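Take a look at the structures listed below.
Same chain, two partners: subunit A is paired with subunit B first, then with subunit C.
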Partner chain A sequence: MTPTLSISFRPALLVVAVMLAGTPSFAQVDLTGIWRNFNHEDWMERGGGSDPVDYLGIPLNDDGRARALSYNYSLLAQPEHQCGLNTPFYGFLDPFGNNIWTEFDPVTGRIIAYKIGAWLDKDIVTIWMDGRQHPSKDSFHSYAGFTTGEWQGDTLTTYTTHMKDGFLRRNAVSSSDQATMTMHITRHGDLLTMTALVEDPVYLAEPYVLSHSWRLDPTLNMPAVPTPCEPIAELPRMDKPGVVPHYLPGQNPFVNELTQMYNLPLVAVLGGPETRYPEFRQKLKDYVPPPICVRYCCGPNADGLNCIVDGSGKRQP
Partner chain B sequence: MTDQRSRRPTPWLRAATAAAALFACTAARAQSQTPAAATPKASAPVDLTGYWVSVISQDWRWRMVTPAKGDYASIPITAAAKKVADAWDPARDEAAGAECKAYGAPAIMRTPTRLRISWQDQTTLKVETDNGKQTRLFHFGAWKHEPAVASLQGDSVAQWHPARAARGQSVPNHGSLQVTTKNLLPGYLRKNGVPYSENVMVTEYWDLYTEKSGDQWLVITSTVDDPLYLQVPWLTALQFRREPDGSKWTPEPCSAR
Partner chain C sequence: MKRYLTGLALVTTVMTPGAATRAYAHHSFAATYLETQNVTVEGELVEFLFRNPHSFVQLKVTEKDGTMVRYAVEWGGIGQLGQQGVTRDTFKPGDHLVISGAPGRNPEDHRVRMVSLLRPRDGFSWGHRPNEKVD
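Moving on to the complex of A and B:
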């Protein structure tokens, strides 16, 4: 005889099952919403963009430095590069906010992924939460890469692989397609802090670590998908076959720019892991500040300050 | 005659009883896992003690060196703050013995420094910096400074936020530290004289992350609120890496330049 459950106990099991199903997943915190970027750090990087050869604080190895020095901004004018997107790390460099939402399993109702929205130059980042494995190392690399996540206490820790090469700084200091990124996402009330650790065996001597915070702002209008892009011929010379804008070794004309403007020694300007630790100041003993700020002196909240907000040297009322 | 059916629990009553019993067990288990009256030191969800080094990835040109006079990039200063900062004179600060004005609680964690964190007692966490030789004391519980005298590092009240989990259980070895600091002497947010006033308030969240490599990172999310000198609260995040020992600890005095 097949054992059967008493009809009178079925509602009890139903109630218990519903209550258990309604219990949040392990240490789950709501990360969804629209998060405003106040740009209170690295304003110049996020606004006008960093100077062409400013590698301060980036743990580059020799190959990473050589790659960065070879970069010519005209490369972006080539039709095949115009509509390229940035990797997820770019979210730590740009001035925009974050739009985060969830994808649910239609059957179980459980969260299977978090999505971090796109912008005009970055793709949607999907953080898979369903335990799936990363693809094999030879699988396709995309701009967004492949990301998985797991909760560690109240922090969502993510791991990204399979990215194309991308920017570590907006002046084209680059990570390779072998780079991986670990990210810790923690919410404190209406603040969201993300910390990224980029490891790259090709271009970095140590992991590059960057933290940034955003504030919840439901009034902010943030897109969720990348803006459509259509490449056009911007510069006639870029249409010629074989043209690849670049600087040969030793020929980057901007190498000494930061030294001339800010009195910083080249050993600092060209980056490297040692440049980001306190003891590096021993190599800055001869540093003397410029007498007065003449560019990018105020911002992002500069209205009414009568201050220089860009590279023009002119004061803005 | 008694109606026997009225004495038998209905299926829905059984359901409610079962659910209540389940939650009672869960709550009791959660409660039994929380030691009663544990001190802040004993109940710390994470161990912040030890040596840490700041890793200057953000704002390098404004943190590793003293920027030019008039360089206020990234800080949402008011016109009143700009007026004060435009008059910055390090020689005057040196003459007044005020070389430490850029080493107060709203600014010290952004300087290139090492931290030495230890428990001063069961309810006080001590954070020392080698840069500027400063000491911050984080007081847990109902601590109150009597009498309240403004100081460079102010009065800091701290609170643990253990990580939450389902059904009220705490998650072992995960959680954050919240620190609120007030009662500060006026000082500088940046070494080139960007000011904060005596009404400034600093709110920090300290989070600890452990990588698969074993590396540990301390990330501090900070908001500096000063209606006189800041248009909006200054929101930043910065990181420190744990060091194995104090072999690189190098105390050095404040510098006004």
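Moving on to the complex of A and C:
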């Protein structure tokens, strides 16, 4: 006997078929929601922030290194800089979560853009999904830049141009306004992983890659927009006209802070392409650890944990 | 009014291997302040700038040589301080305050990152409870 579908089952099958056929062309994976940061991941960078001259692992060229060494952090106290926003890459450096939502075409219902929220001092990133082209190279550069995206399987791949210059590390290692960023956004259950690849013909000798993960958390209070910021007279010396904090070439007073703290050679902390690769460790084969650990010894949320107390890098009982 | 611990010899160096992680915003505190050191400044409040991303306490301090210097003490943002009971009206110009914290990396900035605050007049204090840290 030939099997047949019963009459009552056919409408249900039709509904399922329509649902399956309609969904994938809009979005392979739902990326929307509030995603909590893991502050134990890169916690020294995302927590207190990098030490002043720690460029290890960043493929800086000579110009990028010179710019970083000339940067005096008091510059951020100038009224014109206090309320500037960070570029999209800063989301890999700060301790905050992500709020992601969509914008729909009111007629077709298609997703025309993903939005990545901006708290506290990042610009809102709009990922255009409607196939539009990037603007001309002479167009305005904003903090967020201009981003397009397309699904590659279950991964959303984005491409950002037209950013202003921004930080690649929170110690003023910078990208230029010619930098571009490719980002791969992948969801695994309640985990969201983003991998960024920054290319910069001005300050980088090779692409700089960084990844980070967040966990879905609808209970997290994560505003979608930057907090209001009011420029003030933050530092009294900035009241004087013509004050632009900086370090002249060869005069950065913190060049050897890390070398002394960790017994590292200067060539390591000044970064560059070769410091990205495992082979660089061969250059440190005569490395002698410092006798005592003075910073970052216990890890994040370290209450009750055993801490590193010497240069061995191992936790002590 | 008196400023304590002005010279290097008077600066209290505090190693902080056990410091728990904190979330910072706006800029790197490690790049802005000498976080393994601690200074105490004492003087009269000029202005309390209650704002985001970080608030500032502007303090008029008399140096050892008698000169008057305005210090900028960086504190938490509106959200964080608001949850801890600090409001725009908590302080009035002229309040006498004693503040301890990490000194700025550029001495000419006369800048401090808030670790603790005391107002002797009424005993108001901040920085002694577990959640009272600058985020």
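We take it that the second predicted complex is superposed on the first by the 276 of 317 C-alpha atoms of A that agree within 3 Å, B and C clash if a C-alpha of one lies under 4 Å from a C-alpha of the other, contacts with A are read in each partner's own complex, and residues count from 1 in each chain.
The rule is short, and it goes like this: contacts are C-beta pairs under 8 Å (C-beta built on N, C-alpha and C of every residue); 3 or more make two chains touch, one makes a residue touch a chain.
Because the structure is predicted, anything quoted here is derived from the model rather than measured.
K.L.:
Per the contact definition in the header, classify A:152: touching subunit B only (first), subunit C only (second), both, or neither.
P.N.:
A:152 sits against subunit B, while subunit C stays out of touch.
K.L.:
So, does A:215 touch the first partner subunit B, the second partner subunit C, both, or neither?
P.N.:
first
K.L.:
Hey, is it subunit B or subunit C that touches more of subunit A?
P.N.:
Ranking subunit B and subunit C by residues of subunit A touched puts B first.
K.L.:
With both complexes superposed on chain A, which partner does A:74 reach: first (subunit B), second (subunit C), both or neither?
P.N.:
second
K.L.:
Now for A:280: first (subunit B), second (subunit C), both, or neither, which partner does it touch?
P.N.:
first
K.L.:
On the A-aligned overlay, A:289 touches which partner chain: subunit B = first, subunit C = second, or both, or neither?
P.N.:
first
K.L.:
Touch test for A:121: subunit B only (first), subunit C only (second), both, or neither?
P.N.:
Touch partner of A:121: subunit C, not subunit B.
K.L.:
Quick check for you: in the superposed arrangement, does A:41 touch first (subunit B), second (subunit C), both or neither?
P.N.:
first
K.L.:
Examine A:297 and indicate which partner it touches, taking first as subunit B and second as subunit C; both and neither are also allowed.
P.N.:
A:297: touches subunit B and subunit C.
K.L.:
Subunit A residues touched by both subunit B and subunit C?
P.N.:
Dual-contact residues (subunit A): 39-40, 43, 293-294, 297-301, 307.
K.L.:
Enumerate the contact residues on subunit A facing subunit B in the complex.
P.N.:
7-16, 19, 23-27, 29, 38-44, 56-58, 152-155, 157, 182, 184, 186, 188, 191, 193, 195, 197, 207-213, 215, 262, 264, 268, 275-281, 284, 287, 289-294, 296-301, 304-307
K.L.:
Going by the contact rule set out above, which residues of subunit A touch subunit C in the complex?
P.N.:
Within the complex, subunit A contacts subunit C at residues 39-40, 43, 46-52, 72-74, 76-77, 94-96, 120-121, 170-172, 227-230, 232, 234-237, 245, 254, 293-295, 297-303, 307, 309.
K.L.:
Tell me, which parts of subunit C touch subunit A in their complex?
P.N.:
Contacts found on subunit C: 15-32, 35-36, 49, 51-53, 56, 58, 70, 72, 77, 79, 104-106, 108-111.
K.L.:
Looking at the complex, which residues from subunit B come into contact with subunit A?
P.N.:
Within the complex, subunit B touches subunit A at residues 11-12, 14-19, 22-23, 53-61, 64-77, 79, 82, 112-114, 130-131, 161, 163-167, 171, 173-176, 178, 192, 205, 207, 209, 211, 215, 217, 219, 221, 223, 231-232, 234-239, 241, 248, 250.
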